[in-house]
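In the two complexes below, chain A is the common chain; its partner is chain B in one and chain C in the other.
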Partner chain A sequence: MRFLHLIWGNLTRKKLRTALTLLTVLVAFVLFGFLSAIKQALVGGVELAGADRLIVRHKVSIIQLLPVAYQARMERIPGVAAAAHQTWFGGIYQDPRNFFMQCPVVPDQFMAMFPEFRLPSAQMQAWLATRTGAIVGRKTAERFHWKVGDRIPIMSPIWMRRTWEFDLVGIFDGRDKGTDTTGMFFRYDYFDEVRKTQNWGQGLVGWYTIRVKDPAQAADTARRVDEEFANSPAETKTEPEGAFVQAWANQVGNIALIVAGILGAVFFTILLVTGSTMSQAVRERIGELGVLKAIGFTNGQILGLVLAESCLLTVLGGGLGLGLAWLIIARGDPTGGLLPMFFLPGRDLLLGLGLSLALGLVTGILPARQATRLRVADALRRL
Partner chain B sequence: MSENTAGQSALVRVEGVEKVFHRGAEEIHVLSQLNLEVPAGQFLALMGPSGSGKSTLLNLIGGLDRPTQGTVNVGGDRLDTLSDRALAAWRARHVGFVFQLYNLIPVLTAERNVELPLLLTPLSPAERRKHVATALAVVGLSHRAKHYPRTLSGGEQQRVGIARGIVTDPTLLLCDEPTGDLDRKAGDEVLNLLQALNREQGKTIIMVTHDPHASARAARTVYLNKGRLTNEPET
Partner chain C sequence: MTGLLNWFSQIGSITKFGLMSIPQRRGAVSATVIGIAGVVLVLVGVLSIAAGFRRAMLASGSPDAAIVLRSGADTEMVSGFGRNETRLIADAPGVARNASGPLASAELFVIINLPKRSTHTDANVPLRGVEPAALVVRDNLRITEGRMFAWGRNEVVVGAGAAREFAGLEVGGTLKVGRESWPVVGVFTANGGVAESEIWTDARVLQAAYHRGDSFQAVYARLDSAAAFSQFKDALTSNPQLSVKVLRQSEHYAEQSEAITRLITTLGFLIAFLMAIGAVFGALNTMYSAVAVRTREIGTLRALGFGSGAVIAALMIESLLLALLGGAMGGVLAYLAFNNFHAATMNWQSFSQVTFAFAVTPQLLLQGVIWATMIGLIGGLLPAIRAARLPIAAALREY
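What follows is the complex of A and B.
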């Protein structure tokens, strides 16, 4: 701390150059924050997936439906504690850009399967008592300014190409910060009843989520489920919920690799920019470094001063960049619903700060070594 | 040729020193078999033409460089045998430097410049402030403490440089052409100050200079020519 004024003075000596370098680092870390939030939105579900939950879907593809009658058979398979189904509704509220997920479910089974959704018990009772009742996550309710009691028209291009009307009876919250609260869920019996009148798709569901009794035996349980429905018209593929979410995200591409690639290119550029700034800064004051050595500063102290200066520059730029990214990201999903879990995780904030420190050390080490190698007498001659 | 002073204990003792620089394959002998003793409390002027090795000798006595051969002993410490780290610590404790071009750090105020050597000591901020105030008072610049070097005249900057040199109360003050960049009036002020530090505070001062007017203020003058010391200027 006793050298802080010296470090700060050196950093602010060429204000324009420092400001431009700081801005470059800042922009890089805003990008880092954004890409981290996008990665979180696309693959964050993998981390939040229940270790004791499996997804059962049609062996051919998720868009092939499964009989609702499979549920009772699944629940009889050893190792299965419970099963609940969902079906992709694909509805549109007012405008196709207003994307959010809707699924018909059996309310009590669904809420028992997904305890991360928190719904007040009075609203749960209202849902059980209202055949056209629906619940919606907090994010979507706030997005469309919906409140309990509203009647929500949803047009489904998949199911009968008609507008379905739902009575909003509850708004649920997430147990964790990363819990997706953009979905809307309505009663399967209402959904199936309408399908029955149109004689289309009745008794079919999209996929099942099953809870296993022992997560350690999940692989065996998955195998038993698939064996149960082998050689049937609707064979199944059962996999852990995390793998299912990952496969879903992988449709976009290998998110982690894409993010790492972009950030790698950005940080390599920053490395060159900041490294050049620091080298120039040291070259310009070789004489002053000679004076410091003359009055007794050791090579270690000179090394520390130069490294501290480069680290202060990158940590300041990185910290401001991450802060700005956090502020922008806090405004919510910029895509209008495609990235429901769009937020900057605290883990990535810490990683960003660590990266900014590492960047400072890497960019400062060469000029710092150059400074320590100076012979005092030579340095003083260059004043 | 040796330059010895009898009857007084030597603070600085340079014996058989040679300094050779290499420029490619060429060897440049800057100092040859040089001996010098400077008693504690003496104000010595070191004169000689450009390239005679004055600054090189000053660097050896100040522990900024090492001799190719011979010994440099200051206050009982053999500087030629100390490691870089030990030499840096020795400089911080025992020697103050005053340079021709002042060499102040432009981004620091006068008081922060003077404080620099104290940052290497375990003194508290309050103690450092006290020492800095004393040093600035000695050079008569208390009222300019908050000023940056660019707002000070050359003479004032050199006085700040002297304050930085004496703030740790070193045994030895080494001045390399301290008036070389100043006009006569400012130069006289600096020389008055150095004389006062020598007479009133007993500082041992070795001053490299080209200027006979400056060397006249010293108690003793030695001449360096072609790497050798004499008591008389070479004609």
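What follows is the complex of A and C.
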């Protein structure tokens, strides 16, 4: 700490160079924050998946429907605590670009299965009392400026090819920061009643979510569910919710790898730029370092001085960059709706700070070693 | 005239001096060059994903081919027709014919779960039922391995992309559809188009397997000519027995690729823009230090009568040359690393996988070079001006 003013003096000696290096590091960490948020938006669902939940879908593909009668049979299987179903509605609100998910569900079963959706109990009561009632997540409600009491027309090209009207009775929030609050849910009994009048698709649902009694037995329970429906016209495939979400993310592509690739290129570049600046800075002051040694600075102290300088530079730049990234990300999804859950996780913020310190150590170590290896006489001769 | 020549020769000699001094500052110079190469690599790399995806989609439709969907349907997934409707569509004016009848194929489109080879997790693979005309309705369809499936038999052929990405789709393998197993008898290519992501079988076989009765989802038709499209479209949309949406295949696929191309391009530009800002700072650093170590030399030149304009121009040229070198390196690296890199992603419109190859196109490389040039110009300008403004006496005293 005693030498802080010395380190600071060295950094401010060439203000322009320091500022430019600082900005380079800053930009790298803005990118780091931004890419972390993108990765989180695309694959973050895996971490939030319930460990005690399984997804049951048609074995051939998710677009094929399952009988609603499977619910009672599932609930009788040992190890299954509860089951709830959802069906892809695929509706369009005004324009196909305004994409968000809608599903008919059985309200009490659904809310019990997904405790991460928080709905005020008065609104839950209203939902149970309104056949055409629907609830929507905070994100989508804010996106379209909906409020409770609004009548929402949704055109479904899949179901009846008509415009369905729903009464918005509730707006739910997410329990966790990453909970997806873009979905809209309405009542299955209303949905099935309309299907019955058209005699099309009644009694069929998209997929089931099961809560298991003991997460340790999840694999066994999944096997039992699939055995229950084996050799029927609609065979099932059951897997943990996490694996299901992971498979979806994998369908988009190997995002983690792409993000790591880009960040690798960025950091390699920054490493070179900062490293070359640092070694230039040290080279310019060989004479001074010789003087410091001559008046009794140890090699350890010299090493510390140079490393502290480079670390101060990168941590400052990294911290500012992460802060800036946080500000940009707080303004929301840059793609206009394609990445619903766009935020910078605290974990990645810490990782970023750690990386900035590591960057400082790596870029400083070569010049620092050079400085300690100096012989006093040689260094002084350069004065 | 001699003034101008003199000016050019001044620029030439200062630039030569500058370039000859590069070995002495090779650390900073190579950091800048590699920095710019990094920007171009990432820019071209990310955008080549979007370009490849678009290329796969656009290779799929020629201007004289049309697709007919139920009105209000944006994709085949939510479209549907009965046999009488598909017959009316095939007989419409404008549809090309050969000896066996109209060149129109009524098709079914469903999705089947298959594990990806790379991750072993399930993916939605498109499974299409076609009629015999499908082979002439699409361009450049060729069986490259095995044979075509036999009509009426439970057999499939798979696109080359699907065969590469998804497990079990090689000739001799079997496709499990519900409780049935269908042998894979051939692999086909479609000029890199979207059909290469699909599995094909006879429409009637698929109707039976999926209990679809005699229904279809889309009609693909080859027209007499590209100009016959409006005649075809008008005939169908004015027919009171039909409620359809008629599109050129090229339009249909462009629509399908729009969302994902927009996503990748937006993100790609944002990332490259941020990186470019970083690279500009790097270039500024290098050029400022280039000026700093040559202060005396520049002072001497100025004292000898070299103009300040020539100093600026020479330093800008040096910065530009370094940037172009970096840009070229980045472009070549991007080409080697990404061109024709095979991948598969989700096409949200059809809810299924599209296989495609990254495409490093000449336009993208040009774009990379333009970005590198901009970085070089911005990075060189301020230091050059500083060098030109140095008071000669002070510069000579420096050391």
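Note that in this section the second predicted complex is superposed on the first by the 383 of 383 C-alpha atoms of A that agree within 3 Å, B and C clash if a C-alpha of one lies under 4 Å from a C-alpha of the other, contacts with A are read in each partner's own complex, and residues count from 1 in each chain.
Convention: a residue touches a chain if its C-beta (ideal position, glycine included) is under 8 Å from a C-beta of that chain, and two chains touch if they have at least 3 such contacts.
Model, not experiment: these values are computed from the prediction.
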item: First, second, both or neither for A:376, with chain B first and chain C second; value: first
item: Chain A: partner with more touched residues, chain B or chain C; value: C
item: Contacts of A:77 with chain B and chain C, given as first, second, both or neither; value: neither
item: Partner chain in contact with A:293 - chain B first, chain C second, else both or neither; value: first
item: Which superposed partner A:124 touches (first chain B, second chain C, both, neither); value: neither
item: Partner chain in contact with A:61 - chain B first, chain C second, else both or neither; value: second
item: First (chain B), second (chain C), both or neither touched by A:6; value: first
item: Doubly contacted chain A residues - partners chain C and chain B; value: none
item: Touching residues on chain C, where the partner in the complex is chain A; value: 27-28, 30-32, 34-35, 38-39, 41-42, 45-46, 72-74, 77-78, 110-113, 116, 118-119, 121-124, 177-179, 259, 262-263, 266-267, 270-271, 274-275, 277-279, 281-282, 284-285, 288-289, 343-346, 351, 353
item: Contact footprint of chain B on chain A as seen in their complex; value: 2-3, 5-6, 9-10, 12-13, 287-288, 291-301, 375-377, 380, 383
item: For the chain B and chain A complex, residues of the former touching the latter; value: 56, 59, 62, 64-65, 84-85, 88-89, 91-93, 96-97, 99, 101, 103, 105-108, 112, 116-117, 119-120, 125, 164
item: Residues on chain A engaged by chain C in the complex (per definition of touch); value: 16-17, 20-21, 23-24, 27-28, 30-31, 34-35, 38, 59-63, 90, 96, 155, 157-158, 161, 231, 233, 235, 237, 243, 246-247, 250-254, 261-262, 265-266, 268-270, 272-273, 275-277, 279-280, 334-335, 338
